[in-house]
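Following: one structure in structure tokens, then a few remarks.
Chain IDs A, B, C, D, E and F follow the sequence of writing; residue 1 opens each chain.
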Amino acid sequence: MHPVEFFEDFEMGTSRVTHARTVTEADIVIHAGHSGDFMPHHTDAEFCKTQPFKKVIAHGTMTFAMAIGLSVSGQPLNPNGMSYGYNKLRYPKPVFAGDTIRVRITVHSKEDHPKKKGYGQVVEVKEVLNQHDEVVMYAEHVLFVKKRNA
Amino acid sequence: MHPVEFFEDFEMGTSRVTHARTVTEADIVIHAGHSGDFMPHHTDAEFCKTQPFKKVIAHGTMTFAMAIGLSVSGQPLNPNGMSYGYNKLRYPKPVFAGDTIRVRITVHSKEDHPKKKGYGQVVEVKEVLNQHDEVVMYAEHVLFVKKRNA
Amino acid sequence: MHPVEFFEDFEMGTSRVTHARTVTEADIVIHAGHSGDFMPHHTDAEFCKTQPFKKVIAHGTMTFAMAIGLSVSGQPLNPNGMSYGYNKLRYPKPVFAGDTIRVRITVHSKEDHPKKKGYGQVVEVKEVLNQHDEVVMYAEHVLFVKKRNA
Amino acid sequence: MHPVEFFEDFEMGTSRVTHARTVTEADIVIHAGHSGDFMPHHTDAEFCKTQPFKKVIAHGTMTFAMAIGLSVSGQPLNPNGMSYGYNKLRYPKPVFAGDTIRVRITVHSKEDHPKKKGYGQVVEVKEVLNQHDEVVMYAEHVLFVKKRNA
Amino acid sequence: MHPVEFFEDFEMGTSRVTHARTVTEADIVIHAGHSGDFMPHHTDAEFCKTQPFKKVIAHGTMTFAMAIGLSVSGQPLNPNGMSYGYNKLRYPKPVFAGDTIRVRITVHSKEDHPKKKGYGQVVEVKEVLNQHDEVVMYAEHVLFVKKRNA
Amino acid sequence: MHPVEFFEDFEMGTSRVTHARTVTEADIVIHAGHSGDFMPHHTDAEFCKTQPFKKVIAHGTMTFAMAIGLSVSGQPLNPNGMSYGYNKLRYPKPVFAGDTIRVRITVHSKEDHPKKKGYGQVVEVKEVLNQHDEVVMYAEHVLFVKKRNA
């Protein structure tokens, strides 16, 4: 299989699933210190006992960072593509310590780049799934990719 | 000053700026290990010497996590608001080790919640600025907030 | 409420309580590596089973560091005050992984600075409380603070 | 040399010096996240440029934690002694990234325990020295130690 | 290219080179705390100034851990192979903060497993190279691998 | 007891046992990020449930790093010895979070250095034992040591 490299290589609707990773209490502790986000949902177990979920919730920013980490792991660098950013980052369900997450990446849309000739814009949907196959994060990743025959 | 708590408390166009934080080489190393994103832009100084920026670039996911950390630091928990997610996450300029970042948070739009009576939807723009006042990250944060007189 | 900034602003006996944070096994592991203190009370669960408390105990230096972290979080920098040091740092009870700690800060004494005209010396007592409202750390923090009308 | 174990083994005025350790930027970053203390003296290089020392200063709580780590490293556990706490913790000079610190531990005073028969109270002074032999931290460590012939 | 999975798939003398990673001061600090190895070659910059290399040297155990990390990154799990251990782990040259390392993995020997029918023993040489193409670590990794037609 | 310093000081068959350390989930998480080794045996709890051991296994490279850390902790630097490398690194049994490990170090062989006059070669066996006294790691550490009367 040759790597997906040029705009033409992205096929609408195709998807791949990354390997998985278990989120741990240690990850949440490290993320709190790394990001400086010590909100009680993430670091105060007594507060969390009074809340609907009863336990500490992983930071959304951590799930996002791990999702990108899982997505790029083992992937070759694509010299013909660059990340433009993300649209619609959503967290439909919480992630807890002990959950095992993986990412399903789907080619969601393709179109010519509005301004840059020889380039296309690809949107990949990145869905983070937990061990119950529930979507816990949804993001639309916008890529600018060179056309092969530009 | 009473805290911004209910939908009515958000005033269009007002903004606040957080305290600042210097991004370090250690942060980038910790983020690579924490996220599992060891792409060469972030962890291979020799590769980076061959690239336009000549040096290692901070992960976009780290800038995002630190931006949220700066935004919530010292803020009271708002029991009447909840984060729905983000729109349009963009990275107009790179962040390097040694850069000092802070976040400017602006009330960008307000409207009634499309479905949930008694609630409004607020979009706050979070712009990460570096020490040269350049915008290095732009995000639209979508909040659902209770109305005071719901 | 204007910030407590000058010597005159400190009112004897007033106190504030910080937000709370749960101490985790990960924190103790990180602290051992960070400080280099691998004494068996903190890192050897088998040894601890033979001791009165039966389980691993948090480092006193970690409780102290977290107490200061909780104390300064969200507080404005006071350009008119400086920390002189601490007196009587005591640990009346152990802290375990799973405990949730917060800090009660009380203005304990006020007097003119013995030598520096225009300055006063304030002692704030910092008590770390666990989820059972037990005092697990006690410290007297000595501050030198400018007088407003110096 | 037999280990210093009982009250009688502590000789007034004797001292030992620990091995040394270089404080790094990474240590300060890790300590900020671990303690939650992101005050600008420790994490904002731009702010620090406007201050007398011109650069980021290590957290006092980190110097304290490292000092205890250096003090206990390679020392046998003393089953006849217990730490009661500290008096007079002072920071006469700042510690910067790049400084190399070690601890000089001196038997400062010895007296019978005021209440507990068969025990004595020993005060050890722990002085943290930098590479210029300047004292950057001073602490009086109070120990309760069993008497050999109690 | 199908993955190297069975004994028959390993071809004598073939090699692959992993992606690269820059070793940083932060890595050395983290490794010292993680391993508990605070020997002065790794953590005392003043001591190192008196030594032939003049600066802090990375722990051999860290180079080893990173080498394995680089080797497995992006590789599929091989259900037909298992690691038996290593022979001849050598460190011909030091690694310093700022060095960029990668691993060259070469099939060094193949033979029938001495006892286990249907299995072979493969030795892969893992050489860690720095940015000057110098070998800084050499290890012989012993694998037990199922035969395809066992 | 004078320190073991010269070739003559190593006595065949003598051994010492280090202090112990409990391996935690946090250690495994930190090691995965530090080494970049996110293989499912170490980071995917769901995968591990399908495997013979049912739970996450510590990285062999972490056990090795901790073993060296335990071995050198509190030991004086020997100016007359240098590490040449390791032979036969083996992992007879897995290490799990919660296991407490210590190292037994035995003088295994002594001979004249094959080339370097005035030096000898000493092999120390380092065996990592868990709380059930099972050997979980075995390594032969090769040292070059000066002779006292060289």
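Going forward, a contact is a pair of C-beta atoms (placed from the backbone, for glycine too) under 8 Å apart; a residue touches a chain by one contact, two chains touch by 3 or more.
Keep in mind that this is a model prediction, so the values were computed, not measured.
Looking at A-C alongside E-F, one finds more C-beta pairs in contact between the chains of E-F. Same interface as D-E, judged by over half of the contact pairs sharing residue numbers, among the pairs D-F, B-F or A-C: A-C. If each chain is reduced to the centroid of its CA atoms, chain C and chain F end up 38 Å from each other. In terms of their C-alpha centroids, the spacing between chain A and chain E amounts to 30 Å. If each chain is reduced to the centroid of its CA atoms, chain A and chain B end up 16 Å from each other.
Each of the following residues of chain F touches two or more other chains: 21, 24-27, 29-30, 34, 36, 38, 40, 73. Chain contacts here are complete: no pair of chains fails to touch. Touching chain C in their complex are the following residues of chain B: 73-75.
Chain contact summary for the complex, chain C toward chain E: residues 30, 32-34, 36, 38. Those residues of chain E lying in contact with chain D across their complex are 24-26, 29-30, 38, 40, 43-47, 56.
On the side of chain D, the complex with chain E involves touching residues 19-22, 24-27, 29-30, 73, 98, 100, 131. Remark: chain E residues 21, 27, 30-31, 34-40, 59-62, 64-66, 68-70, 72-73, 77, 83-91 touch chain F in the complex.
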